[in-house]
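Two complexes are shown next, each including chain A; its partner changes from chain B in the first to chain C in the second.
And now, the complex of A and B:
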């Protein structure tokens, strides 16, 4: 499985997580500063407007895109990922969503991330580091609809797994699109099974759709293997 | 001859009537005339029956199981008020409030008499012959214990009158008679009569024609002379019942007209202060309803619904400029209150939907009086600072209540719902009681009563308020359907919108394309089109947070969600459908200030504009699925003058309505094993008046009508099922 991803990477498609390479140490501090800024701006918690329908959690949209022409490994993941905005109600969600391009209309190597406010869309985030994700690969043309169904189910608390859900990602690649949903505890099989079943339902997936669960530790390992890093102590 | 004498004596009066928009007078006249001599007429009908088949027709038209009972039905129709002295008439005035049965006896006697009459003239009607017969009948009638006032007027005047009447009466076929008396020209008399009749139409005709017209006038006057009371026998053709007892005639009682010092009209010859109040029951054209394919008889129940904006005293005081035309005494609340209660007492509506009911007046006067009359009352005061509200009252002997919902239209944070209007919706079970035991039940009846915002510029508010009303009615209907029961609808009140304008269209046609409409046009109350900067309507008309779709229904998920929310604390759980309904809410169309601008990614111009394309779900139309029809058709019979339901110094218009779900074709009901007819059959409505006529009464309120609105009153029929 990892091999397959690796192979895909070479032709500019594949699992975005593996492309979201670890920043070089020199870049790391810089991006951490940036993170500080982002964190401080995020601290101003959004609240639902009067008469709006509050969500159980606040969420933040993120967007990332790999600059064409540069090898993935040379780009900082955090460099490339941008916060789009946070919202606290159904109405506010639509405000952002309706001003954003649909995943199916995106070109190039791009990702939308929708995570609970305070959780960064990175393996290393405290909320994510013990977690994993369900991955569904989609042929071209399905991403917009599936993405919308996925995030509506997440925002509307339809997964019914308590606080387990961290966020969701849609990755637009050259030949396929990938959607994934992240949860906190990869080892909690009851939770992951429940998420899988809900996914099948809300995405209205055919029964033979291949759904793959991948722990973030595996993802990290695979990334490191690919990039020839022996010591993963950097936490990446 | 008496006739010519009368002619000269009454000529000024005829002129007067002409000057007062002759046609409307005559319309009333036609009805009155008919009603006045109904007894004679019926008698003649029977008497002529063998000859011209009138009786046969009549019987054919009888739908009620017991025609004899129908025969007994006497109707009080209208009053022409005048000062012409007719001693006989005035003397007998009490007579006509007589109880039906007695009158029926009288009438039967007359019929027999008539039948015994030697000449069975058939179509051959000669004046003398009729006079003779009527006289005979009249005499007979006067012998009867309950003296029908009509017959008591045995003077020559009467006879002339009766003559006219009879001709008028017997000529039109019963079907044509109903409601269809728009003008005198309309009835199609047999050939023999036609000539005379045409001449009757000419008020200033000379010779024979002159006499005829005189006679017609006489008839009007005669009915006047009966102080305000004319009983009308509504014979078999009608097939509807009116309550026995004082009834309408008394209602219409017009005390000798006292013109106040200031008048909009030059005082008419003071010797003939002639005033007319024609609030008469008008039957629904039977030909329309007669099309029912299954002419089987089924037990049914009649009930009446009144809608009445009674003009809250606080509002009157706040807008005194609207009532400068009124003598002070008619503006006094206690006076108006007593007139109001009298009016209710007279008509005895089974369901009463009141608007502008001031809270303290309700508790101190209206509620005690109404509950004493046997009404169960629901009151809902407007939110905010206004002291009035709506009240829905129903006769507990006819209805048991299933549910009561009071609605507040004020919704904080929603611009279109920033006004403090309210509505009441009651779900009633029509019952026929026998003692304390329920003998039969009718289909459920949902009665909605509201008073929408007045402000003519805020059509957006009116529509949103109406939408709440319709959504609530819809949910009541749904709850009935869920139990497998059909629910008939009454939607009445003051909608502050005139007929055929957008809001009205939405109600009656079930749909309204509103995109781009000026908000001030929605109600059509005034023409504000000259206002350059009028607010226009654009979708969506109200935020989706209201939880009401553009089909004027509660979003099912909305209810589902709110239910779930109330069940458990797990907030924030929404279905896809629910969330998608909020997709184009106003908030979603505004670009968020904090949205990072990423070219090609977050610079999408609001999706709402894309969605506004017709192929998208975002509709420029609002609609509802309720089948609603107005009881009133908003034009008066005859010359088509507009009806008005409200009038004050700044104008007159129809803004009050009774909408109902009309009866549709009977369908075989598997469950009941019977033909079930859904919907209400409109039997009759109390005629409204034209602006001219109301001004001739010195506008509203006046000494007869206590509000600046008229009451609306309709009689419906609903099928019964044995309990």
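And now, the complex of A and C:
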């Protein structure tokens, strides 16, 4: 019965920085194999039903959770992430959302990811590898409302940055919650500035809220540095 | 058959107007409005399907939204069964499939799901 609480220890991420346990190159193929197994019954593209309101893009909900009691280094990110399903219309979105727990009520080290269909919530996905994310750390109690406002703005195309948005993540951690929104091109400052301004507007954040932009290449570097330095038995 | 239409190239946004915001009170109330009152129905990337928050929230009560999506994975504590049929769900997956598809097919009529207090 060793470190049951390891899962709760780290809280500095908007996504899977600490969870990923395998080299980048082999990871993608494996994930694809796994996806086929997992979702062979609904790999067909979803379409809006008759009379429903189509969205600009189809989206997929994902869920991930660190399994308590095992060090994260033995679990790869892909083992912990699960597809919930895809939707193409406003009504289909609500079908999922209404049958999912609110992030503020989740326990442990858990994340919801909402990404455009075909983009995996991983740094290595082609759509993400040149990208980055805006991160907002929230004190406990705000995650549900902020997450809802964030994803409604994304689904409703409120960011006005063309094809740039990849997806959004809410991460429930021990002492705080984190929401983030990922875009394709980290170097495109006009885009990242516009996303930041839209976030401020739609999330209705207190004026002193700190927003941080992090490129995925930096995230990968930080992850590798950390895991290169840490003692393997030292947790995470 | 004109070839000219295919030679359209991307152009900058035709006109730019800067609006300075010094106070949160100057921000618009809804997502479809930008500071200064411009309304985008078309964006630089072409026409896009845009919904504001209020509209999206309005669709929440649509009858379709009440039934769980088919194939919703059961993740304890994360995805919840519909509140009115937890027993069937636990005992018989087939039955649930039938139940969830039937309301879907009846959504073309807008009567059955709503009741009026008279």
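We adopt the following convention: the second predicted complex is superposed on the first by the 190 of 236 C-alpha atoms of A that agree within 3 Å, B and C clash if a C-alpha of one lies under 4 Å from a C-alpha of the other, contacts with A are read in each partner's own complex, and residues count from 1 in each chain.
By definition in this document, a residue touches a chain if its C-beta (ideal position, glycine included) is under 8 Å from a C-beta of that chain, and two chains touch if they have at least 3 such contacts.
Everything numeric here is computed off the predicted structure, so don't read it as measured data.
Steric overlap between chain B and chain C is present once the structures are superposed on chain A.
Of the two partner chains, chain C is the only one that A:201 touches; chain B does not reach it.
In the superposed model, A:91 lies in contact with both chain B and chain C. Contacts of A:100 after superposition on the shared chain: both chain B and chain C are touched. Of the two partner chains placed around the shared chain by superposition, chain C is the only one that A:163 touches, whereas chain B remains out of contact. With both structures placed on the common chain, the touch criterion links A:63 to chain B and to chain C. The superposed model built on chain A shows that, among 149-157, 239-247, 473-481 or 581-589, the segment of chain B colliding with chain C is 581-589. Residues 49-56, 63, 82-85, 87, 90-96, 98-101, 106, 110, 149, 152-153, 155-158, 202 of chain A lie in contact with chain B in one complex and with chain C in the other.
Listing the residues of chain A that touch chain C in their complex gives 41-42, 49-56, 63, 82-85, 87, 90-96, 98-101, 106-107, 110, 149, 152-153, 155-158, 160, 162-163, 201-202, 207.
Considering their complex, residues 24, 27-28, 31-32, 40, 43-45, 48-53, 55-57, 59-60, 62, 64-73, 75, 77-82, 104, 107-108 of chain C touch chain A. Listed in rising order, the residues of chain B touching chain A in the complex are 411-414, 543, 545, 570-576, 578-580, 582-585, 587-592, 594-596, 598, 600-608.
Per the touch definition, chain A reaches chain B in the complex via residues 49-57, 63, 65, 82-87, 90-101, 106, 110, 149, 152-153, 155-158, 202.
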